[in-house]
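Pasting the structures here.
Shared between the two complexes below is chain A, which pairs with chain B and chain C, respectively.
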Partner chain A sequence: MSTTTSMNEQMEPKVLWLDRLLAVASSVGKRLAMPVVGFAAFLLLWSVAAQNIDTSLGKFPGPQAVWQQFGALHAEHNRSREKEAAFYERQEKRNAARAAEDPDYVPKIRAYTGKETFVDQIGTSLVTVMSGFFLAALMAIPLGIAIGLSRTLNDAVNPIVQLFKPVSPLAWLPLVTMVVSALYVTPDPIVAKSFLVSMITVTLCCIWPMVINTSVGVASIDKDLVNVSRVLRLPALTHVKKIVLPASVPMIFTGMRLSLGVAWMVLIAAEMLAQNPGLGKFVWDEFQNGSSDSLGRIMAAVLVIGFIGFLLDRGMLLIQRWVSWDKSNIAN
Partner chain B sequence: MSTLLDISHIDMEFPTPKGSFTALQDVSLKIAKGEFVSLIGHSGCGKSTVLNVVAGLYQATRGGVILNGREVSEPGPERAVVFQNHSLLPWLTAYENVELAVKQVFGKSKSKPEMKEWIEHNLKLVHMDHAMHKRPDEISGGMKQRVGIARALAMQPEVLLMDEPFGALDALTRAHMQDSLMEIQAELNNTVIMITHDVDEAVLLSDRIVMMTNGPAATIGEILDVKLERPRDRLALAEDAEYTHLRSQVLKFLYEKQRKIEPLSPGAAASKKSDTARKASAA
Partner chain C sequence: MRFISVWKSAIRVLLSVSLVVAPAAWAEKLGYPEKEELTFGFIKLTDMAPIAIAYENGYFEEEGLYVTIEAQANWKVLLDGVIDGRLDGAHMLAGQPLAATMGFGTKAHIITPFSMDLNGNGITVSNAVWDEMKPHIPKMADGRPVHPIKADYLKPVVDKYRDQGKPFNMGMVFPVSTHNYELRYWLAAGGIHPGFYAPHKGDISGQIDAQALLSVTPPPQMPATLEAGTIYGYCVGEPWNQQAVFKGIGVPVITDYEIWKDNPEKVFGITKEFAEKYPNTTVRIVRALIRAAMWLDANDNANRPAAVKILSQSNYVGADYDVIANSMTGTFEYEKGDKRPVPDFNVFFRYNATYPYYSDAVWYLTQMRRWGQIAEDKSDDWYHELASSVYRPDIYTKAAKSLIAEKLANAKDFPDFAKEDGYKPAQSEFIDGVVYDGRKPNAYIDSFNIGLKSGQKL
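Showing the complex of A and B:
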């Protein structure tokens, strides 16, 4: 084997280069082959099953019908954007004309109030989940660090965390809705009430895994590293910054990834339940709409929800790889 | 010679579910400036506990430690510790690990360029200047321990405490590290307390060997003065009658006077070993 390669090398170096390229291609091919096969099998099963399911809204949508709906949703979005642009153009012209007649005229600018498209709903859901998630991180990580550092505080807070951790955030939803309605009463709201309700629900579900993972990460720091800090007499803040935080970054991120995954699932359900703008509302509206396209559109939404959830998780993993020193600890 | 460090009648008791466990009883030792003292004894005899009390990481139940006429009540950089498992911060490079210590100790008294020079000087001292900017997971066990020593030396401690610093290294690396340590010691003349399991290491490096009895209620059994000329050379000493005699003294103490009855079956011995290792790391 080795003799043949070395002979090849001497006589035909170009062939060797080609060989290597082929080897790389085949290894990439091998890695991709099985996922492709799996996906194809899934599509096949789906289309066969779909053809055999008759609902009151027609046949269950197969891959092709869903693909069509993706196209339709996209076209709808484009049409809506054109309408919006046309609306603003008309408004501007009108205001310019009136201002020319009457110099004292203060132009009224009205916002476009068309129906949100699928793409708009995706945007709304993403913004909501991210804001709720960051709000939770802002509270949970410092709290988790404090609990991890202090046995006493842990004893005090842990029962509460354990009590609220298993509660589905959807149970909170009615309470959150009422509290937000009662307390958020400004004549000129910066954000919509519905946004606030969804966001707080997301926060409520993100906070517990983050608190628990952060505190466990902090509490399980190698004792020798803590001793290093004690020998150096590092001040408390430096201790947290230089030792505690970096040491618990892997665990903190595990908590963040967990909670972002749960948050995305919960948000969709919350939007459906509360009729708050977002992908959940899109699904519910389509269900209520009950046209022959509805199931296809819902299926399209399901795929998009799954894909976005996957991207969010991958995104967190990338950030975790980037900030964490412990590369061995990061699994898929 | 005047006493720098006075370990005075230390008792150490640990609370356990079955009542208090006396680890140390009446341990007293006076150490002069520039002296290299090693503590030797069987596993679990409380060597690490003595070191941790001196470091201030443990509070003695009775008695106390006096350094330069002042009682030790908490850890501090003037009693720098070289830990058994290097204890470098894995997210920092060798340079940054030493820098953390230097900034904390000399942050007010040294300027930035002075600190940089001091960090590099200490890394050079342990022959780690070529890998200053590598992280702990990129260097070998021996190199990590060198950086750990550099970090401790960079604090300019009055007493350097070493808890089995070379215990986790292979024999060749260990010999190399011992030579390095002797070299550094000849240059800086530090006061050192080192814990070891290794009889040769104790005789080669120390001015005095403190031999501890088995626990519970361990205490100092015998103290052996090592009056071998410095610099010491391991090859020359291997044939030296005085060296051989000292070595056999320590061995006699450990295996005749303080013989520890270990179970003979390999499984039990292994579990015992891992048990003591856990104890040591917990301490």
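Showing the complex of A and C:
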């Protein structure tokens, strides 16, 4: 008897609570509910699968293990920052002591010599991918517009673009590495060689989708618009500025979005292969370490890589919406 | 007037005398480093410890050196880094500076003013090979195998593979690595031919006449390659033997301590050009490394657990604490559960471990000759000259003396610099009992059953 009553007492608030939750859920809408369900199912599948995979480094990391590694990576980052502060403090003292002993000495502050943390590696990768991407855009968009405007130029350049477009940028990597180390020789370099190598590799892979999409966008401008420009006898530059660019912005941005996605994927692989600083190197280093935490840390990096890729794509989409033809018109 | 001018000239003389004398007095004191920002390379092995400790304990900084330490993908990348200046110095295989100076592989004059450690390697075989080997090995009363395990017990396994037409593949880390010579020494002592090199014919695979085929695998990838079945065994530094035990994929059969007691291992390598251009920096690097080595061995390895904790950080060796601790704290786990004390498995300072002995260099050269990497006969003098152009006890002595003068080190912990000629007395503690005297390399080369002898050329 007593057990049934207590069960009823427990059941009732539970049902109420569930009802309320359902009400809130339905109010938030199915749009949010389904992704959450999807995520929950994924986490469940992941943890079940992880428990059943035994590697020589221990069990495959489940969600919990990866979460712990996120904590550990964060703690490591904080420790490293403390060490960095102490490093500069010691350096200042040492410089002062030497200046007192040796008046000719010009004190110099040297950069922290410690290892990059996970957070630093994320920063490095982001800077690299964005620099490579912008460099590519600087070259690809003018080239694409020129090709789109002129049939002759298109006929001349198109075969080259088609030839290089399918080449994996990783095939370029050895060439880029050798060329950079041969040509970039300065005693006091502004940027590291490894940064240049990664950046140029990214540029090489970004450039083709942007050229193609820009040229297609420019070539397929509404004939009426082109005719208007002809009637008004707009000079070439004004034609590009007033007619071509606004009309082809959606296509240009589609190309840029595609490029950025590819760039991010390629960068990680390039960093891994060339041992250049960044998330790719982080993954490789952890693989080499072979500690029982390594797989969890790699999985954490995988999630971060995916999340950043997602954010980059969303960011481009937002910009695309913002600058595209009709909306910019409304804003103006 | 004249009186004043006499005084003036007197003062001038005094001044010039003091200017001449002062630098001479300063010469005793070590100057500031010419180059302060340095990058050192290493391979993920526990014997890189002196570099990590010199950094973490602030010994580099106390010398006014700001050092960045970078893991390298493999020994070739590391050596090329030092040669092309990307790295200022690195943790190197003892054979690397010798081979590079000689021109076997990439040619460059590399010197070593500091020897990093003694011992520290092991030979591991796969579980399958171990199961076949084990019945042949004599057992102690408690059923555990008697150590050291000779390659004589591996021979029947290798013969079986050969009868079946299967190549018996083993891994080592680099053609001029300590591991290559140790594995070859052990195999040959057990009657297994590890193969010859013939660089003059363009054959640098080292598999001519081989019964066991040796090939290169980077240290951190050894366990994975063994697990994949590409190789049946390997010789590598720690923690990659203990890693095999932890992963349950292989069994270490012997440590290099048992192949040659207190054998010299890694060295710290820099280019000759660097040492000449930056003499103060060079001496200061050696000072920091000597202090790190002293710390590592101080009070009977009392600091080892702290060192293991540092090494297990992902930017250094990065393996689990337990795996590294197994060999660094005086024990070594052979078969799972068969943990035996090997107090001298890793020696960083005791027994003059850091002094760059010519005789150590000559031993590596004799092995290069034995296996054909040096294709032709060389005179005993040639061995001495090459050894003394690469191994630089003069720099080491300068660093050690300045540490002693500053009371940072004790003179009794070092060789007697006044009498030391760079050759250890003849050593006999090899697994096959052959006696090695560094002053007579050719006689030593002739004393082996397997290997090239005087006058032989492939």
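Everything below uses one rule, namely that the second predicted complex is superposed on the first by the 289 of 332 C-alpha atoms of A that agree within 3 Å, B and C clash if a C-alpha of one lies under 4 Å from a C-alpha of the other, contacts with A are read in each partner's own complex, and residues count from 1 in each chain.
As a working rule, contacts are C-beta pairs under 8 Å (C-beta built on N, C-alpha and C of every residue); 3 or more make two chains touch, one makes a residue touch a chain.
Everything numeric in this text was worked out from a predicted model, so none of it was measured.
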Report summary line: So, after the overlay on chain A, do chain B and chain C clash or fit? They fit
Report task. Answer with first, second, both or neither: which of chain B and chain C does A:Asp222 touch in the superposed model? Result -> first
Requested in this report: May I ask you to decide whether A:Asn78 touches chain B, chain C, both, or neither, giving the answer as first, second, both or neither?
Outcome: neither
**Report entry** chain B versus chain C, judged by how many residues of chain A each one touches
**Finding:** C
Report task. Considering only the touch criterion stated at the top, classify A:Ser291 as touching first (chain B), second (chain C), both, or neither. Result -> second
**Report entry** First, second, both or neither for A:Lys242, with chain B first and chain C second
**Finding:** first
Query raised in the report: Now for A:Arg230: first (chain B), second (chain C), both, or neither, which partner does it touch?
Result: first
Requested in this report: Mind working out whether A:Gln51 is in touch with chain B, chain C, both or neither, as first, second, both or neither?
Outcome: neither
Report summary line: In the overlay, chain B and chain C get no closer at Cα level (Å) than 54
Requested in this report: Under the contact definition given at the top, report the residues of chain A touching chain B in one complex and chain C in the other.
Outcome: none
Report summary line: In their shared complex, chain C is touched by residues of chain A numbered 56-57, 90-91, 94, 98, 102, 105, 108, 110, 113-115, 181, 275, 285-286, 288-294, 297
**Report entry** Of chain C, residues touching chain A in the complex
**Finding:** 32, 36-37, 44, 55, 58, 61, 64, 66-69, 71, 73, 77, 84, 220-221, 223-224, 227, 243, 247-249, 312, 314-315, 317-320, 323
Requested in this report: Provide the residue numbers of chain A that touch chain B in the complex, in ascending order.
Outcome: 222-225, 227-228, 230-234, 238, 242-243, 246-247, 325-326
Report summary line: Within their complex, chain B touches chain A through residues 55-57, 74-77, 79-81, 83, 85, 87, 89-91, 100-101, 104-105, 135, 155, 281-282
